[in-house]
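Below, chain A partners chain B and then partners chain C, in two separate complexes.
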Partner chain A sequence: MDLFLQYVANGVVTGSTYVLVAVGLTLIFGILGVVNFAHGEFYMIGGYVGILAITVLKLPVFAAIAVVLLAAAVIGLLAEAILHKPLKSHDATNSIISSFGLAVALQNAALVVMGPQPQRLNLDVSKIPILASIPTDFGPVFLPQQRTLIPLTMVILIGVLYVILKYTWTGRSLRAMAQHPTVARLCGVRIQSVAVVTFMVGAGLAGIAGMLMSSIFFVYPVVGNMIALKAFTVVILGGMGNVAGAAVAGLLLGITESLTSAYLANGMRDIVGFVIVILMLLFRPQGLFGKVAERS
Partner chain B sequence: MLRLENIVAGYGRTRILHGVSLTVPTGGLVALLGGNGTGKSTTLKATVGLVDVQEGTVELNGEVINDVPAERRSALGLSMVPQGKEVFAAMSVEENLLMGAYHRRSDRAGIAHDLEAVYIRFKRLRERRKVNAGMLSGGERQMLSIGRSLMARPSVLLLDEPSAALAPRIVEEIAEAILGLRDLGLTLLLVEQNVGMALDIADHIYVIRGGRIAYEREVGDGVAMEELQEFYLGGSEH
Partner chain C sequence: MKPYLTGLGIALALAFAPFFLGGYETNVLMMMLFFIILAVGLDLVAGYCGQFSFATGAFYGLGAYTAAILNRDMGSPIWLNLPAGALVAGLFGLLLGIPALRLKGHFLAIVTIAFQTIVYLTISQWTSFTGGQVGLSLANPAPLNLGFVTIEMGSLRSYYWLTLAVSVICLLVAWRLAHSRIGSEWIAIRDDETLAAAVGIDTTRGKLSAFVASAALAGVAGVLTAHALRGVTPDDYTIWISATVVAMMVLGGRGTFIGPILGAVFLVLVPELLGKFAEYKMLIYGVLLVLAITLMPEGVIGRLRKRAAR
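And then the complex of A and B:
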């Protein structure tokens, strides 16, 4: 039983990463209708920028987070200019293919700049005063601070995003654009501003996830491939375009993977999510929390 | 005042409008009538900028606005209540109304004042202000859609078939609401298939057929139902 809780906790840590990546992906799909296969690369870039900021620039961790956010937002801006702005009046297939192209370009850019060797962020969180005060023992569960930091950051960022979406003009304009783009335009919402904000937020969330995970797992140029597939799994499970659904499904996937790896076989870990997604598409294609589509 | 001058417009290479001209004088209530597929809705879409105008001019209060993108036109005082009672279904009634005021979102006091005015005009919206708009009845959605447009503080308001798919009793309510908008001093262009309702409330009518204005009369000028029906059924053009 004690180990069970430990496995669940481990699942929550990876699940939190899935949430951060998938929420941006589902926002970009839900609001702009863009299926972004380059989303995993936002995660990869976040990992590398985090490593550079802390090990090369010797920045304190919070300054490094700000640098990662900034870099990811710039990449988001670039991605919008490539995947959405010139293609928005064309068939959605165009942006899907372009996103594959962007993913390959970013992976190769990373290969040239950072090299093929996997790298890891050596971050001793216990030396950072605020973070050192986070406990490591939760009853039978042991979590080092850099692991606890991930769900903690996820809850804060998703909470902030929720408040923005629910209570600000920017948030309302994003939701309005997702629900009825024509009426949103008639109300004065500029699709271009919404698109830029959406891509920047999506890239920022994925970038932070990449940075936080780089202290636990290796970063390498194609690390984004698997994380993007996982994020797509989460988006489908949660219901395409459904932010709250993605948050719940991300945690569920993380926990399911962790338990599978513990009780079935480690090799089954990456398979289980895809099996679930296939079953979901067969029997409940709108996802766990999606409604039967009603798009205008 | 709204003036359309020889508007040619359509989708891609397909032309729907072949030179539509009409004028809605300040404070007037003009109805544009016509059957399905005659170009009524396209005329409104061309006016608000949702359809590209290939030739001709759209003039709002003396200014040509052809080059103003659709999302900036509500700030100029041009607002449209789209067809099909379109609302943001997963947002609350109040959020829907607020979206109408998006272009003047820094005017907090003005928005609060206008929100109250909409709730006084449409009491049912106040009762249901926390409810998601997707849960409203057809009539309530239509009121919400009109209320949202009012939040933009328009000078010219376009209404695209507000009576469509509503029960006769609700149509009467909507007709009264539209007359109430005229009393506010708004300039109104109403697109309708419901000839009876349009004749009851409009002071001038145009009939569109095949993308051209085929008929035009002052309502007080002895417009007879039979005369209009002749147009719907394909009678001679005037």
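And then the complex of A and C:
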């Protein structure tokens, strides 16, 4: 039983990463209708920028987080200019191909700049004043601080995002765009700035996830591939465009994977999510929490 | 008759090419032929039928692994492996086509990517059956005894001619399919599925046949590649291959038949011409893909035809 709880806790940690990546993806899809296959690259860039900021620039952790956010926002801006702005009038397959191209380009740019060898962020969290106070033992479950940090950050960021979406004008215009772009425009929502904000927020969340994970798992140029695919799984499970659904589905996927690798076979770990997603799309394409009706 | 004559002329020219070229150039030509089959195959399902698939690499790999595993377990020659590879890949194409019946656009794209990933993870991790990350090696092809003459199949030239002959057959089949009634049905499904169904086209059959045809062609290319390289490794059949083939098709022009062929020729030649910059190959592919879709979403041939029509 104790071991089971430990597996669940490990699943929650990886699941939180999926949530951070998937929420941005689902926002970009729900609000702009862009299927962004380059989303995993935001994660990859976040990881690399975090490593560079801390090991090369010797910045303190919180400054490094700011640098990661800034870099991710710039990449998000760039991605919007490539994937959304010039393609508005064309059909959705174009954004699929285009983002696929962007993903390939960014991965290989990373390969050229950073090299193929996996890198890791060596960060001793216990030396950082605020973070050191995070407990490491939760009953029978043991989690090092840099692992606990991930679900913690996820809850805070998603909470903030939820409040922004619900109660601010920016959030209202984002939701208005998601419901009906034309009517939103008639009501004075600036489509261009909404698009840029959406991409920046999505990239920022994924970038932070990448940085946090870089102290646990290795970062390498194609690390985003698997993460993006998992995030798509989560987005489909939660229902395309559904933020709360993505949050629940992300944690569920993380836990499922952790339990699969513990009790079935480690090799099955990455496959299980894709099998679920194919079955899901066949039998319940609106997602676990989606409504049956789809907007045209 | 004109397209057939042009095709025949090019095929004849290619048949004589090894007499004037060295081993390296012949290998490049052969690689080009593999990718032409892949790009034309993808064009059938994505260009003509409008069902976007990012799983070309998976079908390519399924064909290659079918050849390698049959060769390992039964010592079967390439003559048997070619139809076997096409059959196995085609069956998996049917399997992938079933979700495609209910899904459109991005959902379909995600399922094909998931399928590609499942195939890759399976062939790279099922070590006892597929050799895992190391892959498998294939035996040298046995000489072909025709009674009056024995042809040494192991040499580069004879293998090149075999590849050329199989490619010509594949392209002929694809051309006939695309320009037959079934091809017109694919186009109808692509342009307006509801309308196609309303005028009595069996859209289920149409979509499934496009998936199977595309997958079978990729399977043939896989068998040819496995025998050419005398081995298979999972990393030759990743999503990068799918990306490359998509780039070839989009750049040349979706649903134009000749476009993907030119795209394949161009994108195989570019890295060879880049020389020491070849490590930037995928970077360039990615940028080309983005530029092509932004500036010229209908591709080079599509743009030319549009201009000619005007």
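In this section, the second predicted complex is superposed on the first by the 294 of 296 C-alpha atoms of A that agree within 3 Å, B and C clash if a C-alpha of one lies under 4 Å from a C-alpha of the other, contacts with A are read in each partner's own complex, and residues count from 1 in each chain.
Simple rule for what comes next: a contact is a pair of C-beta atoms (placed from the backbone, for glycine too) under 8 Å apart; a residue touches a chain by one contact, two chains touch by 3 or more.
A quick note: this is a predicted structure, and the numbers were derived from the prediction, not measured.
Engineer: Answer with clash or fit: chain B and chain C placed together on chain A by superposition.
Structural biologist: After superposition on chain A, which the two structures share, chain B sits beside chain C with no clash.
Engineer: Going by the contact rule set out at the top, does A:L186 touch chain B (first), chain C (second), both, or neither?
Structural biologist: Only chain B; A:L186 stays clear of chain C.
Engineer: Considering only C-alpha centres, what angle arises at chain A between the directions to chain B and chain C, nearest 10 degrees?
Structural biologist: 90
Engineer: Of the partners chain B and chain C, which touch A:S173 in the superposed model: first, second, both, neither?
Structural biologist: In the superposition, A:S173 contacts chain B only.
Engineer: A:P86 in the overlay: touching chain B, chain C, both, or neither? Say first, second, both or neither.
Structural biologist: The answer is second: A:P86 touches chain C but not chain B.
Engineer: Between chain C and chain B, which one touches more residues of chain A when both complexes sit on the common chain A?
Structural biologist: More residues of chain A are touched by C.
Engineer: Applying the touch criterion given at the start, work out whether A:V248 contacts chain B, chain C, both or neither, answering first, second, both or neither.
Structural biologist: neither
Engineer: Would you give the minimum C-alpha distance from chain B to chain C, in Å, for the three-chain superposition?
Structural biologist: Least C-alpha distance after superposition: 14 Å.
Engineer: Using the touch rule from the top, collect the residues of chain B that touch chain A in their complex.
Structural biologist: Residues of chain B touching chain A: 48, 50, 70-72, 74-75, 79-80, 82, 86-91, 95, 98-100, 102-103, 105, 148, 152.
Engineer: Along chain A, where are the residues that touch chain B in the complex?
Structural biologist: These residues of chain A touch chain B: 169, 172-173, 175-176, 179-180, 182-191, 294, 296.
Engineer: Which part of chain A faces chain C closely enough to touch in the complex?
Structural biologist: 29, 35, 37, 82, 86-87, 90-94, 96-98, 100-109, 111-112, 225-226, 229, 232-233, 236, 267, 270-271, 274-275, 277-278, 281-282, 285
Engineer: Taking the complex as given, what residues does chain C use to touch chain A?
Structural biologist: 52, 54, 98-99, 102-103, 105-107, 109-111, 113-115, 117-118, 121-122, 125-126, 239-240, 243, 246-247, 250, 279-280, 282-283, 285-290, 292-294, 297
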